[in-house]
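The structure is given below, and queries will be raised subsequently.
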């Protein structure tokens, strides 16, 4: 079922990139998508795919806002005459435990300027994050827990 | 398909050839398309190496037959051309079946067949699995394409095809010496093809066309302003390097002795000859005047090459390396015809090319069998083969004679023609060098015969009369047939070489053949 | 009129995106260690180019191009963090040290902790 | 003459390529191979004359382009050449690596297996 | 490589790249792209897949040996060229089927030729990449 | 002129080769008795040629031809006049007995069949040589005699001396053969004649040609080497390594006379010039004396005979060159005489060797009782050789003295030379024929007794022929001598000389010769010692020189090759690029193709930046002090190139370049993980200066070339066409792609062949590894996973 | 030419120049390093800037076909970075040592 959904999404993506949403083209996109899914058939199955579009949109908006906000911060940091930064590496204990969720969280964190996911611990319980401003890691942990991580859990559970 | 206009209201006949193509014209495509297809299929079947030899042999056999038919057609009905994709020349890529190209392509196919046969037992399963036959077929494709194409850039592409397949063949086995030799071979040949490419880019910048017939037509109008001498020189260097002319020969002695000998046979037979062929085409078809101006340089290069070749051959202990230098010496002889530039000289070069393809292949195969019989490549250690393998000895002697240009081998006639041509013109030194190199070849290869065959083994051991593998011997016998045939009754091939030379000296008729309408602009 | 507005918006986005890229490139020159530089490169840089891609989407007059420009933006967002993560992880594992004025390195502590724990478990 | 600028650039590319190829070290030679390929490609591109920014693509609503486009033929030639030089480069690189593995050197001075330093004198007797 | 993030995301990235590669292949006749670029993109997709999930699973995903794919591509291209023998036109002449409404690309021997190019590049480059990655994993 | 005899002549040319092909099988079956069957072939040929004697004696030449290489104007043609017919008769006649003799001499030899084969081939070659008309056919058979004699001399190949002599003969006569070829081609050029008969009709054309001198030297090169004239004489005695029948055949009738035949053949068109009449007698005379003295030095029967052969050849050349009618007649007579007596004597020497086990004249004696027939034949032959009546040799000697005379200082000089030479030969002849047979019986390695008929038949018949020919001299002259002499002279001649001596100078000189010869014979041991001492004092001779030259050539070649092909990649590359730089620059400068300095372009800022980026990338690659930096920097120049493509309207190219550049870097990175990383090279300053120079010149060359090319007006015809029809016929809007898959699809087909081949080759490189020497295990698709999932 | 068009074209030019500067600065980091990851980060960034540059050319020339080039570049650029990361992981420790040595040497040279 989820596979079908993903396949339909891929077909739509095909329509998007080709810029033609005619039925035949979508059908072709569907076949292509099926082929692509066939190639990765081993990896599929671990992802829970729920159509909670609204929450996804909400997550997206949060991400975009964060993106702009922190980009500005980083830009200011870069351009400030005396570069006053306190970089460091902190550990973030994960609540999410599915691979896909961890990945998504890590990527969102990375994309947000100022923080960078360096690694996931082998037991998948911690995320190692490098921050440009690591003067208050607890605050950072709190922001992530209430921000991205919560939204992800809402969107995908 | 045959309508004169298309849905857009365009008159197709302005852009395309509207006449139907005779099925017989397709003979021109087979030497390229069939081996290529076969190579592709063998790659698909790479997990079943046992199928490779039979398929390859069958396909090469078909190609050979098709080439022979094509040759007879060209001889009977004259040369013809096919422009691919149906586009009018010079816009599409034209293949041209003229005597020169088809004669060499046929010889190449014969050599390929013999080598394929020889390889069927001498190449192990690993070698087959990692591409001996596909590479062989691709090499054939590249060589055949080079001989048949009428487009200079397309020629570059075919050069690359046989170059990369030669790389593949060269490293089959991955021995240390192979890796070393392959590295030098690859880099230096890469430089040569890149120079070819650059020259072709410049040529395109000058002429705005790539069709050789078209270039030939336009050359006269551009002679005043365009740097045609430079282009001719660049091609001379690029192809001279391919042909292993002194002092651009370094890659050859560095590598030809390292691969499997059947590969050496293929290389020694085919690769350098393509260089000579390309020189013939560029210097006589494209830049006849500039080529003539360069003839002095070519003559010097020819003399140095043939003498350096035989000197190198005399200096070697390893019989494989001797053969590499013999290849070089032959290049010098062919270049002599290029320098002479008259009909007799060119015909001599063409005939020598045919001879050299056959004889060099045979010599490398002979070396392989000598190794099998005698257990070593070293001239210091070999011995006793005359007693243990008389048939091999007989063929060896015939090959020695043939390579040295003595009767009853095939080498006599082209040498006679070249010397004659040299004496007709101002080429006394060339004649002297050709004869001297012949004498020194006699010495170098005669020594091989005396030492490896006549002389008993140095350690006193009696060489066991082990039977040599049948397909190997058969392959050698097979290739001896045309060698002796040309030696004893040269007329047919000689007449073809002569016709080829005549057409080389008549670029206008070549242009007319390819471009009946008179060019692209 | 709407086209003029679009033109202005596109122009602003272009300058903004390009400026952001420039800032990023200044960043990777000014930041003290590779980890900090990654902040500039993988985010500011991505964002800068992303904005220009979006500008192209705004500028384009056919859906196909719009969709493709957006798809390109998405691709960038998908790949950039993964690339950054990989490089950071690889550098850290290879032993490239944090800038010596970095305030914290909880990671090394944690890794050691986990390691000893594991060894401890193995001993038992 | 925009070609002038590129001609100069091509000259620089070619010179650098040659200099790298003249090195004794296989990796540098490999770098030279890449640069050489670029030099050749750029030279074809330049020789076919340059046009700024107008790709040789016919707009969807036309049968032939309205404005002069860049010359498509050299582009096709260069494309072919790029592919070929890339294939050759990949082969050469792996070859260099294998040579390094088996010959234990990446210095061409020391690559003397095929043509050993002590080349024996052939027998002088009969 | 041992990284959860890459391993998780790589299959989807690869699938996207594959789709994109086919797109680039098919539109090549009208816009930049074509078999070669498409093939390189597809090969890149498999290379990433191989790095992320291991060469073995990349090979499993391909099902056929990459070189066999390359061979089939070359065979396809040559056959596309040879097809014109049936129509009394020279080698490599484009043969066009009547257009099918709704499909962006037209069915033709030229398309098959380009697909052949795609497969050759895909197969050969993937073969190289996987072979090199494999050696590395040892 | 096509007669029945002609068809037979055509067949005759091949018959010996057919027999040679059959000989091994026949011998395997019949053993040495195969000789009787095989001898039928030369006997038959002899009869065939004999049947033509009448025609030829009447002054007519038998000619005929078949098509051979019409493209080269070469026919397969023959020409039988007095000269060639006499040779043909000698060759086939003596050949018959040689075949028989071989059967007896090599009875039981493991490779007798092969020997028959060689000797028949040799005979075929020799026969072909003398009856060839067309130049090239003549040359082919000439070379075949060299090759077959190489095989024969090397027959006893396990002995180094045999191999050496065979090589020596091959090289010396091969060298001559090539000179001959050149000479014939020069004559072809000078006269337009491609055959001997045509040449003979050109009269003075050759003599008056500017090429005469060249042709003369080249022809002499062929003739002198083949006929062992000083200083090329050394190979001939060494050829004694061959089994005796070979020596007998080669050195009596045949191969060595090929040179004389050539000179005689060309005498009508080349003779009668100052050059001819000076050089030939001089070399001939020197050879006569050198041969004579060296013969005296020897004690081996075969070597003694061999050196007298050298002397005889000198005499023949001397006479041929002398130019007068009588000299020609003398040469003809002596040639016939020599063929008969020398053939017989060689066979005798062989019989002695075979039966007594030794050929050393000092260890032989008293064999006359054991071998009376042989002794008889030997005696008769020796008398002929000594120039005594009533044998043919006497006629020859008389004619010689008649020809030379004392008319001038020049002729007197040669008369003295002839006397001395003949005297030496007289002495040797009797030494060979008498010493082993007369005197007390000496113990020999084998118990000597008369050999079988197969052995003695030849000498007896040849000796008999010497006698018979002299007895019926008018007939001999009419049938053989006169036609032959006429052919050599190029005009009708007459010969009267007979056994009835006419009192006069010739007879007197003959008597002097005999007296001197007898004196030498009596003191032979003494003379031998003295000559030996003299030769040791001289020390060096062409024979030893041959070895030294050969070794010198090989050593020199070894050194030179090591210098040029020195195994250093760097040398190869530097030279190659130096040539490339010259290829750009020399025509630009030399052929006036230098470009004017082009207009400088107006560039936008970002274009400048992109170009600068490329240069910076290149600089970074050059200056990077570690290789990884260089590789990363390589990416910069690659991207810059891609951007350049994009900026100049080539999206496909930019596209591809980006991909390829990235993949290159990826592959580099993948491969680099296996390289031990070391510092990059730093070249020494001198090397760097050279490299920079070569590189800059290359770059400069290409830049100037591009300046020049882009300054020309461009013909856009092709691209206009492509653009015009791209959409309307080829159904594509992307013109570049349409070119790739349609207009120039064949290029692309080749291109993907390259890609596939590269993939395959790389796979082989990665997988097939040394050490294990087996292929690296191919991972099984769908087998167990090797994933590293935690 | 209307104001908005003029504005746009000025903006385009400014954008191109800014991106060009960005190229140069990034290139500088590629060259000076000092560590391998530094160079790789910079190279990765170079690719990203190139994506923007191409998109900008697309806007400037109205040839939107450039956008595909940009997309693919993003995708393959990623591959390059992955490969380098892999390299750093495999050989990095050895490399770090060499770089340290070099840096030490440079210090002592001063």
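Quick notes
The chains carry the letters A, B, C, D, E, F and G, assigned in the order they are written, with residues numbered from 1 in each.
Following the convention adopted for this analysis, contacts are C-beta pairs under 8 Å (C-beta built on N, C-alpha and C of every residue); 3 or more make two chains touch, one makes a residue touch a chain.
Since we're looking at a predicted model, the values are computed, not measured.
Common neighbours of chain B and chain F under the contact rule above are D, E.
Looking at chain B and chain E, the chains that touch each of them are D, F. The most distant chain from chain C, with centres taken as the mean of CA atoms, is F. When each chain is reduced to the average of its Cα atoms, F sits farthest from chain A. Chain pairs A-E and C-E differ in how many C-beta pairs are in contact, and the one with more is A-E. Computed centre separation for the pair chain D/chain F is 46 angstrom, with centres defined by C-alpha atoms.
Each chain gets a centre from the mean of its Cα atoms; for chain A and chain F, those two points are 84 Å apart.
Measuring from the averaged C-alpha position of chain F to that of chain G gives a distance of 69 Å.
The centroid of the Cα atoms in chain D and the matching centroid in chain E are 25 Å apart.
Of all residues in chain C, those touching 2 or more other chains are 24, 26, 38, 40, 42, 46, 62, 65, 68, 71, 75, 78-80, 82, 85-86, 89, listed in ascending order.
Chain contacts: chain E has residues 1, 3, 5-7, 9, 13, 16, 20, 30-33, 36-37, 40-41, 44, 47, 53, 57, 60, 62, 65, 67, 70-71, 73-74, 78, 81, 91-92, 94, 121, 124, 128, 132, 136 touching two or more partner chains. Contact of a single residue of chain G with at least two other chains is seen at positions 16, 19, 21, 23, 40, 57, 63, 65-66, 68-69, 71-72, 75-79, 82-86, 89-90, 95.
If you check each pair of chains against the touch rule, the ones that pass are A-C, A-E, B-D, B-E, B-F, C-E, C-G, D-E, D-F, D-G, E-F, E-G, F-G. Note for the complex: chain B touches chain D at residues 8, 153, 157, 160, 163-164, 167, 171, 174, 176-184, 186-187, 190-191, 194, 197-198, 200-202, 204-206, 253-255, 257-258, 314-317, 378-380, 447, 450-451, 455.
Those residues of chain G that touch chain D in the shared complex are 57, 60-61, 63, 65. Of all residues in chain D, only 21, 26, 29, 33, 36-37, 39-40, 43-49, 63, 73-74, 77, 80-81, 84-85, 87-88, 91-92, 95-96, 98-99, 102-103, 108, 111-115, 119-123, 125-126 touch chain B in the complex they form.
If you check the complex, the residues on chain E that touch chain F are 2, 7, 28-37, 40-41, 43-44, 47, 53-57, 59-60, 62-67, 70-71, 73-74, 77-78, 81, 91-92, 94, 96, 106, 108, 110, 113-114, 116-117, 120-121, 123-125, 127-129, 131-137. Residues 1, 6, 13, 17, 20, 24, 31-33, 37, 40-41, 44, 47-48, 51-52, 136 of chain E are the ones that touch chain G when the two sit in their complex.
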